[in-house]
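I've put the structures underneath this note.
You will see two complexes here that share chain A, one where it goes with chain B and one where it goes with chain C.
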Partner chain A sequence: MKQSGIIDRTGGIFLLVMLAVAVLVPASNLLLPAGHPLHVPDYMIPLLGKYLTYALLAVAVDLVWGYCGVLSLGHGAFFALGGYAMGMYLMRQIGPRGVYGNPVLPDFMVFLNYKELPWFWHGFDMFPFAMLMVVVVPGALAFVFGWFAFRSRVTGVYLSIITQAMTFALMLAFFRNDMGFGGNNGLTDFKDILGFPISAPSTRLTLFVASAVALALGYLICRALVTSKYGKVLVAVRDAESRTRFLGYRVQNYKLLAWVLSAMLAGVAGALYVPQVGIINPSEFAPAQSIEMVIWVAVGGRGTLVGAALGAVIVNAGKTWFTGVLPEAWLFALGALFVLVTLFLPRGVLGLASSISERWKARRPAATPTPEPAE
Partner chain B sequence: MSFEAQSSEPYVVKSHGALALEAEMREIAQDRPGANRMSMTPALLYLDNITVSFDGFRALNALSLVIEEAEMRAIIGPNGAGKTTMMDVITGKTRPNQGVAYFAGTHDLTSLDEAAIAQLGIGRKFQTPTVFDMHSVEDNILLALKEDRRPFSNIYWRRTPHERERIDELLERVRLKDARFRRAGDLSHGQKQWLEIGMLLAQEPRLLLVDEPAAGMTDQETADTAVLLREIAKTRSVVVVEHDMQFVRDLDVKVTVLHEGSVLAEGPLDQVSADERVIEVYLGR
Partner chain C sequence: MMRLPVPPALARILALPLLALLLAVLLPAGAAHAQGQADISAIVAKFANDSYSDTTDALVELSATGSAQAAAVVEALGAGRLMFDPATKAVFIRTPAGVVDAATGAAVANPPANLSVVRANNRVRRAVDAASGALSLLNPDPVRRSEAAAAVFKSRDAAALATVEAAIAKETVGSVKEALEQARAAILVGKAEVPEAVRLLAIQKIIARGDQEAISLLRSLPADAPASLKAAAEAGIAKVEQNLKFWAVAQNVWYGLSLGSVLLLAAIGLAITFGVMGVINMAHGEMVMLGAYTTFVVQDFIRHSAPGLFDWSLAIALPLAFLFTGLVGILIERTVIRFLYGRPLETLLATWGVSLILQQAVRSVFGPTNQEVGAPSWMSGAFQVGQLSITYNRLWIIVFALLVFFALLLVLKRTPLGLYVRAVTQNRRMAAAMGIRTGRIDALTFGLGSGIAGIAGVALSQIDNVSPNLGQGYIIDSFMVVVFGGVGNLWGTLVGAFTLGIANKLLEPFAGAVLGKILLLVFIILFIQKRPRGLFALKGRAVES
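This part shows the complex of A and B:
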């Protein structure tokens, strides 16, 4: 940690890349002819957008795992809840255009003989309310969960296990038809968002750019947090929790704040994910999903934020490629990747990149004559 | 779930005087010899009849100890005598099964959590030095400085000139000025011990609990540490646990000998080291 400002070198590069992506991808999609080698075809846009939402999710996981030492194996739950909040809005946007033509009830409710809209579906026809719920619902769940867990001083493996239990319990609940969230099939067949057709290329480009902006903002928020004194305390908690307590810090409150914020960011990521993939169902709550997120962070480099985002993109691009070529082998490949990274790249891909650049700099000492300034 | 114990103050609102009186009444009721001491001199730390059992094994057995304002006390005793456990009780890490522990006359230490106790002004140095390895030496001190401990105020924190001065001063005092930007994890064992003492000072506590500060130090470092602690004890109360007899001699203060969880002897080092029971359990081994 050489620079103490909010935007260090890696962060600056990251933000520039995000800016370039947000500008160049739409430009190439719109301006270049279809046959051009640099042309990004329409079908790629939501795919890339999905990677960006995963990257935001990974940044959220890294905030609690990399800086606070809380290994969450349940972030999929917060992501999915954000996604469901967005899905509910999109369902209500369908209106009378559903198969059954009911102006209020979504198709699955008509099919399941609902007579009226369940109380918790009210308000989701309003976009601002739905967006509020995107952060409030995951945030509230995280608050209640964290309040009990951190106060009771559940840490380490035990905490990870109960986060798994949390997402698993939610998965079982959301699978039930009488929960009112579409059961097994989840929410899908969306028509439009804010009046724009959801699968129109221009809508998809907008969602893509929104995802890039959300990722950049999420990164900046986390970065501001971890470079503050609050962030220093967080790292102290990660490395020597009880020592931090004896200095007079109420560790549970520090953890709770990071935990709730992280859940909210995950919720935002989920909300951006749903309109781009066109569906949200209970499989997003599956324990394996949450474990995968942790692997993204480990691959990219834990405790760096940028590495987390990078890892999410690398692993998911790999997954897309792999499931095209050898779908059955993907889980084995993921497991192998995790083992290899743990053994040979403890600081992840980003750590590898920075040690390469350091070695490169060291070989040309003349290029960096100035010692580190004592601020 | 004992959430009550976590809150910074007990639910019952009582005046300081009322609490002190209550504690005293309790003493008298139990007919303990130490009962009146508190009312005459408001001791900074007052432990009485403290018992801690781990699965039936009594790590502390009816331990009583009184530390006055700006007093330095050395605690000695064989391995397993309960010295560290006593510090655990004072700092809220371990709850006693029995007994009372008051700080500054009014604060019941057995009902406060670690953070609250630390904020009251009790600082602790651990037996094995624990500093924040990934942070710089400077940031270790920064985190210990007596400032607002709440999360939100630390988000909006900006480094102030006053902080910088304090850190300079403290680093000077523990001779780590040159190591300012080094990672604390890269320091030598002795340096870590001193950094921890620096962190202790940064908290500006009224009572310092120092567990084996000389462990792993060279003779010179040990002597320097004794000088430093004596200087600190001019304005603050210090409780030092140490095995190194030369070090205890250098401190030149009242000594308490612990054995099997209770006080075996108390007095000047020469006096306790002449005590036959002490020789038997400890010095003569």
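This part shows the complex of A and C:
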């Protein structure tokens, strides 16, 4: 990274784009008439909002993968846990308006013959508590997991595989009805958030703007982290872990901080995702989802943060387009994307853009695979 | 034909020893009847008297003959289809097809017009039930006989005692005789008028049976049973429960072995590609899936063009699956993986992409639904060991998994290819300097691992749904097995597969299937913290590279 300031040129452009998006999309939706070519229709708002939450998730994945060398195949778990925390709040807000009309118990609990609220559901009727849980629960899981894994120096592929095992185990657990999280169906039928009806256009616009703000803030936090001295050490850990350790750094603590922060950001992304799509269920924990998140980052450009956000939007917009036009071809396209990006675009779209620019060419030829660091 | 001198109801209760004696006399005649040459016309003629006591007598006599026609007559009487002609005293059975002679079963061309039904009252109906049960006990087919004995054991119908004893006297097949004796014991143990010593013996007999049925029988001992009997039953229940507990564990271990063999099959190809070559092959599950689809295609072809070869379909599919998936593997290695050596995380992503493409390709060609793969006759069925039921397909898969494992071990340890593979893995540059074409060896090794995944698919097609998602279900488990066992060590894979399989099945009774699996995953996550390189870790410089 050449620029030493928190906001470099790409970052500046990114933040400007976020600002523009946060202002122009609502403006176009509200001010322009429905027939206008630049009008953003109502149904697009939650869709675009969903992309923004995915982008935040991708930034979180990039923080650990791009700067710390930890390829997490389990970030879907943190995302889903944040989503479940938000979902629990939204479930409690339904109150007596559920199908069974029980003022305290959500519908699925009445259906499953629960007599009282399980202990871990208490407090989720309060918004601040729920929001605290959105970051605390994924953060705590990441802390415990990372504490053990990094201290025992589980690295590389092994770490990837056990993160995958973690999200797989959580998926199996959340599929169980007696876990108290709605089992297979998950949490849905939300009515309102903070008193505002959840499907009203104004609520959706607010959530959209909130997602854009969260993405910008998430980016700034990560960027501040990686441009600091701490960030330099983090990159050193990525490139030569043993050497950094021998230089006297406590590698596991550096990794753990990035890891926990990344999990918390993923949790926030999940919490913003749930009210916009209206459902959270255990399939969010599926290992395949988590692997897909990694490819967003790879497509955009690993270790750039902005690229991760860009990749998430590109891949998901592509997914929306393909599943609408050629549903059969989507997995072919996604599969080919995995192969082609790893083979031909090791630095992603952003890397490609920079390699085209002259300055990049002057420094070193593009697309040379980075040599393996000596251990 | 002899006629019993006393009313049957009385005979059932009082004349047990006498009956046994009588039956001994009847034995030769009975044996002849069992072969179907019995002449039951003298007995059948009694039905024409249309007196309840004669009918009941005739039923008892019929049941002693054990002939098939007697069974037909008893059934007809129960259904109200047994007719007689009051004028000629001839007895007939009315069937949907027409009227047949009751004694011979031969069709009667011009039946008399004014047939009347042989009437039945409750006593007759009870006799009909007893006789039909008894006739099954005397059925020429040993399977039917042992079924009937099991039914008597469950019903403990005291009325069946006489016939059971008759059947025991006649029985020649050991296992059926045992079942009959258990049935007799079940009846005797509940009868107050039987001497205590005999009942105690009967309890021993039931305990020897040693299953859930035996426990429920011992529990339902009459309240007025003598204390010694109750004590014996108590002790017996404890003993049987102990026995059942043992068999339950044995059953779980067997299921665990079976699951372990499945895991071994799924993981063994990965032990080559991941364990030996260090390639994170996320498309490994899809290789298994392709192998299963090869089996489907082979069977489909055989069904249409050579149905006679169906029992050989798996044998034909094995080499084809090996070749096909092996070639696909070589193709993937040459086009994708070889550019990514030394970059394991990128390999992971690229092979995941390959797996998505393969899944969607299969889905496009064969459709998203499950394909039916049949089992050859030698893989269907089951046999019993103690309280353990062992199915042939599971047994064959265990045998097959071990065969594949040892064959692979042999290839790696005893063939030139194996030598080259080990050389290239241990020191690629040195191997190249010695003239080994490392690129070719890489391709062949990857092909070998993929081919083995393919033949695993042939075996797994027998116990799993053959669908495009088949491989997805195995990929995480396979990685767990290889990582748990220790990368680069085939023996570790073997031990890992069976350990995880058995542990999973032993956890299931306490934790349930899903929670058991979760516990195991958590265990593996913790285990990797403790031993990051698995159960049997490689030592030395190779570990660090």
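Assume the second predicted complex is superposed on the first by the 358 of 375 C-alpha atoms of A that agree within 3 Å, B and C clash if a C-alpha of one lies under 4 Å from a C-alpha of the other, contacts with A are read in each partner's own complex, and residues count from 1 in each chain.
Assume a residue touches a chain if its C-beta (ideal position, glycine included) is under 8 Å from a C-beta of that chain, and two chains touch if they have at least 3 such contacts.
The shown structure was predicted, so the numbers you read here are calculated from the model rather than taken from an experiment.
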Which of chain B and chain C A:228 touches, first, second, both or neither: first
First (chain B), second (chain C), both or neither touched by A:291: second
First (chain B), second (chain C), both or neither touched by A:342: second
Touching partner for A:127 - first (chain B), second (chain C), both, neither: neither
Touched partner set for A:161, first chain B, second chain C, both or neither: second
Contacts of A:245 with chain B and chain C, given as first, second, both or neither: first
First, second, both or neither for A:143, with chain B first and chain C second: neither
If touched residues of chain A are counted for chain B and for chain C, the larger one: C
Touched partner set for A:152, first chain B, second chain C, both or neither: both
Intersection of the chain A residues that touch chain B with those that touch chain C: 148, 151-152, 372
Touching residues (chain side chain C, partner chain A) in the complex: 280, 282, 336, 339-340, 342-350, 352-357, 359-361, 363-364, 472, 476, 479-480, 483, 514-515, 517-518, 521-522, 524-526, 528-530, 532, 544
Of chain A, residues touching chain B in the complex: 1, 148, 151-152, 224-225, 228-230, 232-233, 235-236, 239-240, 242-254, 257, 372, 374
For the chain B and chain A complex, residues of the former touching the latter: 1, 3, 6, 91, 93, 113-115, 118-119, 123-124, 126, 130-136, 139, 142-144, 149-152, 154-157, 181, 199, 203
Residue ranges of chain A touching chain C (in the complex, touch as defined): 71, 145, 148-149, 151-158, 160-162, 164-166, 168-169, 172-173, 175-176, 287-288, 291, 294-295, 298, 328, 331-332, 334-339, 341-343, 346, 369, 372, 375
